[in-house]
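Working notes, structure below.
Chain naming follows the written order as A, B, C and D, and within any one chain the residues start at number 1.
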Amino acid sequence: MGLLGSEERPRDIILGTLDDLINLARSRSMWPLTFGIACCAIEMMATWDPKVDADRFGMFFRNTPRQADVMIVSGTVNKKLAKRLRRLYDQMAEPKWVISMGACANQGGPFRQGYSVVEGVDKIVPVDVYIPGCPPRPEALLQALLLLRDKIADRELRYKRPREIPTDYDVMAEPGKDGRLPVL
Amino acid sequence: MSYIPIPEDKHFRIKRIGYDPGRSRPWLERLVYSLYVFAFWGFVVATYAGVPALFDWLGWDSGWGYVAMRATQVVMLFLLSAVIALMLILALRKYLGKVQERYGPMHYGPAGGIQTVFDALKLLGKEDFVPAAADWLTFRLAPAVTFVSSFAIFAVVPFASGWTLAETNVGLIYLIAVSTLSAYGVLLGGVSSGNKWALIGALRAGAQMVSYEIPLALVFLAVAVWSGSLSLGEIVDSQMGVWNVVPLFIPFVLYVIASLAELKHIPFDFPEAESELIAGYNVEYSGMSFAFFFLAEFVELFLLPALIVVFFFGGWHGPLFGLEPGTLAAGALQSLYFTIKTAVWVWVFLWIRATLPRYRDDQLMEFAWKAMIPLALFGLVLAAYMRLIWR
Amino acid sequence: MELRMKQERLFDEDVYTVHPEDYRALCEKLKAEGYDFPRAISSVDMGYGLRVVLHLTRMSDLAKVEVRTDVPYDDPVVDSVTDLWPGVEWHEREAYDLMGIRFRGHPDLRRLLLEEHWEIHPLQKRYDTGGYPLPDWQPKDWPDPAPWEEPPPPEEPEEKAEGGEGE
Amino acid sequence: MSTISLEPVPGRTDEMVVNMGPQHPATHGVLRVVIGLEGERITRAVPHIGYLHRNHEKIEEARSYTQVIPYTDRMDYVSGTQNELPVVLAVEDLLGIEVPERAKQIRTIFFELFRIASHLVWMGTAMLDLGAITPFLYTFWDREIILGIVEKTAGARMLPNYYTLGGVRRDLHPDFFKDVADFLDHLERRMPDYEHLVLENPIVHARTKGVGVLPKERAIARGVSGPVLRASGVAYDVRKAFPYDAYPDVEFEIPTSPDGDTYARFWVRFQEIYQSCKIIRQLLEKTPKVGPYKGKAPARLRVSGERYRAVENSRGELGVYVVGDGTDKPYRIKHRGAAFGNLQVIPDLFIGAKFSDAIAILSSLDPVFGEIDR
């Protein structure tokens, strides 16, 4: 994410340095959105408890999507929730990042074949970091947050972010409506 | 500061991951945060003594030179307010960490010391937009109104004897007028956002203002009656022997409660009640507009304790060790006393924030109208009576 | 009125299997007998029709009953008992949502868990786990004797008593 | 009662309809309540659930009974192994599996440990809803200790998949008894602090006393269970009413309160933590250090018949209705979520209350959406 929202890395020395500085600040001050979905939400809360304490790295929850930087998708996303999740993502102010926490958010997890489950949140929003586990331990979430920090701060990595935002809303359609097959 | 020690559980072998004992250095934390307080003090000295001395040395001490000197002081105070906000946010987070058996920010900068600088820089680079449902002009104006009304309180705060930006004889009336304005910023921001949560927050802010402003004004009146002046400098002067907190104990308690309400601080933080209204009046703000609300909140978190010190705890008074009042050294010492007293009161406010749950909004109104106003009237009458007897 | 029903004892609870038209009458009778705590309403796709199972408890002596009734696929309607026990409101909505049983007289029979525009009732056996129709699914014949009738005496081996279980 | 539209009603300007959730900090997950407000007073409230519906019941029909157990873990995800027990008990009933006494005691210890863990999470989040941030951090710290104990024995922190047909999956860790005893000592040292922070807090009194009163008859008729029902004065507890596992052998009381308000629900949960400690202490005395931890379960399960079994989990009666068709997969499995029943009283309690009260009431109901939406 460039300084002024451009996707290209600035070549100017001054602008490039400023860009590095702003991105350093962004990486050191990632505020996640308070949005717990399922089991992983409890482990997400446990990441901010005194044992793990992600606040040491300058992260604390903001309730409104306007002021949040990171969305942690902490649980199974079903077709009813998918529209709301997408809307929350759209409401977040740029720059914004998404962490997919747990097997359900990665690909549907144990509920993968079910009729109501979206098989992976990356069908709805672009994901930066995936965490395996069901549920992942708080330490795993903290590591993912630190990986994201390094991704934002690293000048090579941050322009490699896939920017195409999924627009294929078929995953949210209910099955059997017009004989359409699920999008896999 | 005592706090519950962090249980390093030996039985259960709970280890903090990413925790390097070398990174948590209590002596470093103490050093860094005391340095912050001294840096603040230095800033104050530079603003109130350094800038006039500089202009004096340049010979620009009359006419437009005087205006330029005052303008420079205002700019310095603006920078100072930013520094205050950065420091207080950090102090809040570190103190919450202490209370909550954890560390708080500790990895960026010495003992987490530049964490909030990163936060501010990030907010600077964050997208700041006006929602489609919002009223553009009012939406943009609201953070400025909120910040300016908080910032304007600086004008009458005496940091030391004679160290006031505008030494006026209607300081108390100015304070009432200006501090009421900050509720307008919240109201404008909430109503113009086009968001129902923000609207509820704004309405709560309005309802809250009408309940705490009256006892606040009555407390000001009691202070004015007892001290015999509306000027903040003279109020502090009159506390030479005994601090106002002794004779004016009832107004003092009411003033602390009303300050909590004016600050929108934890037992009375209804306008932005995080768990009820998501973020209340600033729910639609992002980027720098949100940062200005944040800035205003934390500048007030400095200024209202400062006013408590001015009204009830003798302002800058303290032992001068034979220094001649009015000199630079005496002023510096006095502003140091003022800073330390204010820091203690800020700590009390942070302590309240870390400890208490939230009242319901109608309970504050009921309390304000049924208990605080009669008590404040009683305090006013008592102050007048005592003044007749003893002064 | 004689209720068309069958009573049996399973573990620690009484099980009544009742004709759908008498379901409401039996529930009123049980309510009068003091069964005041609605535990749940379960719904089962029996292969020949849909079954509603109402679980009730009496708080005074902790007696438990189950009321079962079977309805055909083409007209899955039973009377609602929401006015007797307000607590079954969401359970009935859930049974409607996931199994497609319609409750006559329910105050607010909307889908509970899925969105309003869904067309399938996914817990029926004609759909696979993903909610897509199974190509070779066929409904079974209605059991004879009907579930609420007493099974014939066991000395007639040619009359196969269909227990109602799928394979 | 039907659904409220979020659009303004023409001619009705005194009412504002707000949409609370699914992303709202006080909904404990993904509840959505559409609320009609007149000023601060709630005139209408319609809850919408299903944002975490993940087809438990359908997908479990395609799994064998032993594979169903880890799925049930993910229902009431705050109280771990408690969810596994109804399925295990129902299948044991249907197959007639004998469970060794020690296995029953181990199960009960875990059951009560998770009740403490769940109530600690409730305490933290309820105080967070009331505006106090600090108790949340304290209770999560204590919960970590429980999870550490569970992890040592069962291998996973939160959703351990520990119970199995005929007993438990693994024997206890050698440190288990000492760890649990130490933890109970630690918790009993902390409980006075918690009481001071929550139950004796005048602000909590002001916020919760007389708020959201649920009368006894209404509570029973609404199918409410667990602490919410007991706070309305009904001494109904599945552990006493239909005892299972080692509960017949231990002594404990059912705390009830006649008030039925939000404060009573807070109080009942606190007393339940004390009762859980009491139960665990008794079982630590009784349980042999070594012994069988698992009975003999058939290798190939052929379950037929129907069974409804219920247990008292942290939120109330958690039931399961299993229909077997003679194979090792359930023909139909229906879960009765405890919080599902409890959440139905939202319109009863919300209407007429202040908006801030609604937050306190919702936190006193303690919903967990894995169990409600399934």
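We take it that contacts are C-beta pairs under 8 Å (C-beta built on N, C-alpha and C of every residue); 3 or more make two chains touch, one makes a residue touch a chain.
These figures come from a predicted structure and were not determined experimentally.
> If each step moves to a chain the current one touches, what is the fewest number of steps from subunit C to subunit D?
1
> Any idea whether A-C or A-D has more C-beta pairs in contact?
Higher contact count goes to A-D.
> Name the most central chain, where centre means the mean of Cα atoms.
D
> Could you put a whole-Å number on the gap between the CA centroids of subunit A and subunit C?
Centres of subunit A and subunit C (C-alpha means) sit 43 Å apart.
> CA centre of subunit B versus CA centre of subunit C: separation in Å?
Whole-Å distance between the two chain centres: 65.
> Could you state the distance in Å from the CA-based centre of subunit A to that of subunit D?
29
> Could you grab the centroid distance between subunit A and subunit B? Build each centroid from C-alpha atoms only and quote it in angstrom.
About 36 Å separates the centre of subunit A from that of subunit B.
> Which positions in subunit B are in touch with at least two other chains?
Only 14, 100-102, 274, 278 qualify.
> Mind pulling the residue numbers of subunit C that touch at least two other chains?
In subunit C, 113-115, 122, 129 touch at least two other chains.
> Provide the list of subunit D residues touching at least two other chains, using ranges where the numbers run on.
Only 25, 50, 53, 55, 58-59, 62, 137, 141, 144 qualify.
> Tell me the shape of the graph of touching chains, choosing from line, ring, star, complete and other.
The chain contacts form none of line, ring, star or complete graph.
> Which two-chain combinations touch?
Touching chain pairs, listed by label, come out as A-B, A-C, A-D, B-D, C-D.
> Could you pull out which subunit D residues touch subunit B in their complex?
Touching subunit B: residues 16, 18-19, 24-26, 37, 40, 127-134, 137-138, 141, 144-145, 148-149, 178-179, 182-183, 201, 203-204, 206-207, 354-357, 359 of subunit D.
> Quick check on the complex: what are the subunit D residues that touch subunit C?
1-3, 49-50, 53, 55, 57-59, 61-62, 93, 218, 220-224, 234, 236, 241-242, 304-308, 310, 317, 319, 321, 323, 325-327, 331-332, 334, 336, 340-341, 343-344, 373-374
> Within the complex, which stretch of subunit B touches subunit D?
Going through subunit B, the ones touching subunit D are 7, 9, 11-14, 96, 99-102, 196-197, 199-200, 266-267, 269-270, 273-276, 278, 354-363.
> If you look only at subunit B, which of its residues touch subunit A in the complex?
Touching subunit A: residues 6, 14, 16-18, 93, 97, 100-108, 112, 115, 117-122, 124-129, 274, 278-279, 282-287, 290 of subunit B.
> Note which residues of subunit A are touching subunit D in the complex, please.
Against subunit D, subunit A makes touches at 33-39, 41-43, 45-46, 49-51, 63, 65, 75-76, 78, 80-81, 84, 88, 104, 110-111, 113-117, 134-135, 137.
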